[in-house]
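Two complexes come next, and they have one chain in common, chain A, joined by chain B in the first and chain C in the second.
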Partner chain A sequence: MRIKDVKYLRFKTYLNAYCPHCNQSFNVDTINEKTLDFKAVYKKKKIDLRLSPYLDVFELEASVPVEKGDILDDLLCPYCSKSIVKKDFSCKECGTKAAEVIISADEKLIPFYLCLKYGCEWHGLSKADEKKIKLKIPRQDMPEQDQTLRIHNHQEVPYGYTSELALLEAGRCIQCKNPKCIDGCPVNIDIPGFISLVVEEKFDEAVKKIKERNILPAICGRVCPQENQCEEACVLGIKEKPVAIGRLERFVADFERKMELVKVPIINKNTGKKIAVVGSGPAGLTVAADMRQLGYSVTIFEALHETGGVLTYGIPEFRLPKSIVQFEINYLKEMGCRIELNHIIGATITVDELLENFNAVFIGVGAGLPTFMNIEGENLGNVFSSNEYLTRMNLMKAYKFPEYDTPMPKGENVTVIGGGNVAMDSARTAIRTGSDKVTIVYRRSRNELPAREEEVHHAEEEGIKFRLLTNPVRYLGTDDNRVKGMECIKMELGEPDNSGRRRPIPIEGSNFILDCDLVVIAVGTGPNPTIFQSTPDIKRNKWGYIEVNPDTNETSKEFVYAGGDIVTGSATVIQAMGAGRIASNAMHEKLSKIKK
Partner chain B sequence: MKEFKSINDVLDFAIKGEQEAVDFYNQLAENSKTEDMRHVFTSFAQEEMEHKTRLTKIKAEGLYQFEKKEIVDLKIGDYTVSVKPSPEMSYQDALILAMKKEKAAFRLYYELAKRANNDEMKDVFLSLAQEESKHKLRFEIEYDEYVLREN
Partner chain C sequence: MFQIERKQELAKGTIIRFDLSAPKIAKKAKPGQFIILRVNETGERVPMTIADKDEFAGIITIIFQVVGKTTALMRSLKEGDLIKDVAGPLGKPAEIEKIGTVIMVGGGTGVAILHHVTKAFKNAGNHVIGIIGAREKDMIILENEMSSICDELIITTDDGSYGERGFVTLPLEKYLNERHDIKLVYAIGPIIMMKNVCALTKKYEMPTVVSLNPIMIDGTGMCGGCRVNVGNQTKFCCVDGPDFDGHQVDFDELEKRNSLYLKDEKDSLLFSIK
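And then the complex of A and B:
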């Protein structure tokens, strides 16, 4: 190709190019240096522009000096070294037929062309080509802490997207006419809507779009099981990997917080009515925010000395930094919600007493009561429920002993029973406290592990062993009654029963002993009965969970609403928030009809 | 040990067993501290009542045809520690109690089958044992689904 009228071929370094052959995206602005990833072939010599002396860092442009009439042979992808020049295009700028252009993409992922004839740059592609290109962009991973280093600290594992990565990922969304992802989201966030705002770099508007339906995006972006919700439904998932909706949600929420763009909303005119919220987990927080916004005066009663429920004392710091949870709580305080800590409703004040002072009560007390499997040896020393183990570690910051005065339950050889998020969290916490060996014992196979895939993957990376299709049948103790091992039995999965579930069945005679010096049981939890002892007229089911009208989440006791784990049993953060939203809508509707 | 002279004898014995279970659960329901647990035990009693009705019908119609089918044993009842009946029992305790009770009934019929005088009677005992394991499985599945649920 002959260069006619240009003196310099210029490449902007903020370019995020993409190779149509090997699908690699070349991220230009990396490792603090302004690097440009193209390779050019000029006078038959390959120039690697990544190291090019021609790169002018201040101008953010790399220029290869060329003479009029010189020949630039080709432009190559730095990874696969194939040509990224497309020969069958005509330049939109100069109109030259058969102009030679490179297909690439700028930082917004709108395909980018560079005309090699006159050096014209232009954007845009036919819809079909655009879709083809988008489908080829690989799902972007989040950069994360190295696995060998992170097991020695409690800091968050993924760092989150940079804006470049977020733009690349958002560019993958093909903006379906009939977006399945919205149906997959338990609170029906307008997902393509917020993603298209990301593409336009309107990150603050994108987070507002999410907050229309979900008040805690920084938290949900981190802990929601997107792989079973919105991302499972995303159409890209049929052939390729789905759009990383959760990572984008997290990115925009973090952006808003870090840029200090969070503003307290305008609160509606005071209704003169008062709401009591019992429990400060995600369900309670949602009700508090909604009702306060609508002009009610809101008081949250929390049994513990810190707010946030499971977000604070259950999910560990390395998965959900507590500073984020506290930021959201401060936001509620700034909105004018009152928070009363160390108030156990049912013990210090009863629900009936609350009703004397408040127009309505919301119960979001979760399902934090540990249940045991009821097998031999569960009362030995160093056998913990996951609830106690994680609470000690998180809330009482036992991992900072002696700085904090709760001693840390520590074992060299730890076994965790269960296969859910709680089990993964317990195991990953144990490995961070310096245990030599951490094993997860789970009675079904890997396919049935109910934990989030990301958590299982991280646990494996961190060296946690999995004993699948195995169940403990009793614990063995030392003379001074500390656990020293457990007898396990191997399991096989039976035929699917009426519910379609394959039950684990013990294999006769397959018993064996597994040594361990600390056990965490992450199986089963139940409702704490305290609040009900003084209020027997709140109807509950046989498991002790509250029965509600599903349209309003009102309980059998008028003006008392409930939602979250105390209604459903252990579920998810987003389900608890969704339940809170149903209750706040219904409360508002009912209370609006009543004069003071 | 009780002598069984005829199949009817066996069925009477089994019917009596079911009635005892009905009474047992009704008693627990009466003693229960909470409404929910009263409900649970009443429903257990009702299930036992249904078993009794079935046996009574079989006896009346003289139809001793029981199907023989292997029933899955999740063995949850085998490894859980026994619970004592009390007014404060939780649903988990109630399930353990019920599983253990069904298992004991299974063992009894199984033993009786081994000692049965003739093949016909043996078959009846075996099918009664099988019925009890079916009942146990129902409780074990409930336990597996809710108590042993990973979270």
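And then the complex of A and C:
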């Protein structure tokens, strides 16, 4: 849908008004201004009358001065000269006669009334009518890179909203009295609050409103699964599509960054206490920012040579540009957080040693251990874990090989095992390396794909094939030990399992061979044991994830907190941030009671 | 940034020793462990075994053979130059205890690592027999250091230009035949050497530890690129190793996995020369 075709009505709405008799448009569009032009009769003289087409301004301008409170005798169409005053109808506010025009909203024509009393702002629509019309504004899509072009580059796919689209989308929010979206957000952003600021075109204030709860809006706006969180709770979603909260979040964050409006917040007086944050992913960054702002001195320890954790090594450039991640991390540096790269906690320094120098430690190391399926041929060449594949491509920038030294894994016929976001990321990365064919092999059906619908949609658009209800049994290799194909078995869906999804059951004897020369295994990750080898007193559950007190996120070791994937297993960026928030609140509360 | 405190060419300009200033790693490093380094912004992450350390001076030593893009680049660095990233110490340390007599077998640059572990075995009170080999005389490294640690030291060269002629397996077999107090063989070197050593010691049912050096990226257990087949189980060399029971390792698979990027390596080198 083109923007100029969209007819809508909202605060700041641009009205397209038509004569009820001759159907001519009252809208006049010049370079300098947009107006609705009428003829009127005032004190028995014919005058010209101009009305702002914007619903909120709604100012009248007349060719002869009209006093406020004066009443026009008549209102006429300038084309057919017929009176448009509605008989037997009056303004609901002041009782004056009212004129009827036809406006189009969401391609529907509805009557709209203008009070003839100059200065009366009644516009003939009740709040209920307004809401009804708002519901009819379709959810706005983000403009994005053409699918045939984008598979040849690694640039970001969606361009993001323009301010026009953002206003349109924000106008859909009906500002519920009892907003459900806030509860749907793991960090409880005041969503209606920031959206109403967008409506008022106060984009910089809108992003500040978000940043009260979430320090990484540019990232969350891009990678949060809003459809399972805030947008799932949006009441508009019951009948229509929910407000595109994530896209608006992304818009205001990008606006702030691009307009260079980012300001370092005021930091509280130094508490004299020190916090060590292990891991610079979303959980760690949240804790670092929170604690720094509260006046703690904060040091972040990162094992790799680049900060950002999964945001850097896992999520590809075309979904989350690394410049944005680094921008957000620079913000933390400007706040005064120290960052120590190449520090593997558990190896370079142990948690116990950190506790000697810091008042508290937060562990947010993620779940970085790749899972394999332990089937024959998994160690063949060109069979990668998604971690390795994406780390090569994203962290090591192998897609720029040989400008960068890490070789780029490349196949003509690539198969990705798994159905999550990581599988989509891997497949979409592969298609960008120039592979002829990229296939996703998933053991359940399309309905059970755990990836975000948006990602699946993008993958389909980019020509990625889906082999659903299929599971690999073994990999076949060439003489020089590279993968040349895989034996698969077809699956059918049985009863729902613990995850609530229908359990896939292999169909006996349905085996077949699928040719491929590169395989990426994206079937999940587990906890990396490195940090625990030197700290066995941090209690972990049977899967190896850290056990914490859910109210404080403190571990069994006092003053050691944890959050994110290392506690919950693979989850989302915003959930990790939410966990970080719980930990930083608890840390602050506990440390505040302790004298230095 | 990590400064190169000292650079030394050990053999014909192809085997080079760096002393790097890395105090935190030096404090923790144990024999058998390794680091991951990245020379510059566009560099790859390369694992290098820690060949020695000086905790008090905050120095770790790495010894490498110039084989590809990164090592060629490293050769061009001078004393005082900086290496962008060094992370470690990684991997499990070698298991060192007093067990009696051990034979330490090293080939090529493997001797560099072997030397660090040998020192630890000697300090633990073992009787240490060293066997080190190389292609030719000029490629023998750390001879003096090894001879000062080892109770007995045998040197072999493939072409007979120095020491005994032939592979390290010849003197090893002789020892295994003649001495019956040997408790352990520890072998570090080219895959083919470790494979042959293990084939030999298996005949004598002699426990043998090897230190593997597969392709790695992060070195912290995250990518799984370094997976090796040990006793039909997939192990991650970076976190489960690098030391493994040599009789369980599938060396053929390891060799093939390590040669996956030979063409890319060449392309990368050519690109850098251009």
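Just so it is clear, the second predicted complex is superposed on the first by the 468 of 596 C-alpha atoms of A that agree within 3 Å, B and C clash if a C-alpha of one lies under 4 Å from a C-alpha of the other, contacts with A are read in each partner's own complex, and residues count from 1 in each chain.
Going forward, a residue touches a chain if its C-beta (ideal position, glycine included) is under 8 Å from a C-beta of that chain, and two chains touch if they have at least 3 such contacts.
Small disclaimer: the values here were computed from a predicted structure and weren't measured.
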{"item": "First, second, both or neither for A:Thr555, with chain B first and chain C second", "value": "neither"}
{"item": "Contacts of A:Met396 with chain B and chain C, given as first, second, both or neither", "value": "second"}
{"item": "Contacts of A:Asn374 with chain B and chain C, given as first, second, both or neither", "value": "both"}
{"item": "First (chain B), second (chain C), both or neither touched by A:Gly418", "value": "first"}
{"item": "Which of chain B and chain C A:Asp480 touches, first, second, both or neither", "value": "second"}
{"item": "Contacts of A:Leu304 with chain B and chain C, given as first, second, both or neither", "value": "second"}
{"item": "Partner chain(s) touched by A:Ile505 [first = chain B, second = chain C, both, neither]", "value": "first"}
{"item": "Contacts of A:Pro450 with chain B and chain C, given as first, second, both or neither", "value": "first"}
{"item": "Contact residues common to both interfaces of chain A (with chain B and with chain C)", "value": "374"}
{"item": "Complex interface listing, chain A residues touching chain B", "value": "371, 373-376, 418-423, 442-443, 450-451, 473-474, 494, 497, 499, 501, 503-506, 522-526, 536, 540-544, 569-570"}
{"item": "In the complex with chain C, residue positions of chain A that touch it", "value": "303-305, 313, 341-344, 347-349, 368-370, 372, 374, 378-379, 381-382, 384-385, 387-388, 391-392, 396-397, 401-408, 480-482, 528-530"}
{"item": "Of chain C, residues touching chain A in the complex", "value": "24-25, 28, 38, 42-45, 69-70, 84-90, 217-218, 220-225, 227-229, 234, 239, 253, 256-257, 260-261, 264-265, 267-268, 271-272"}
{"item": "Touching residues (chain side chain B, partner chain A) in the complex", "value": "34-37, 39-40, 72-75, 79-81, 83, 90-92, 96, 141, 144-151"}
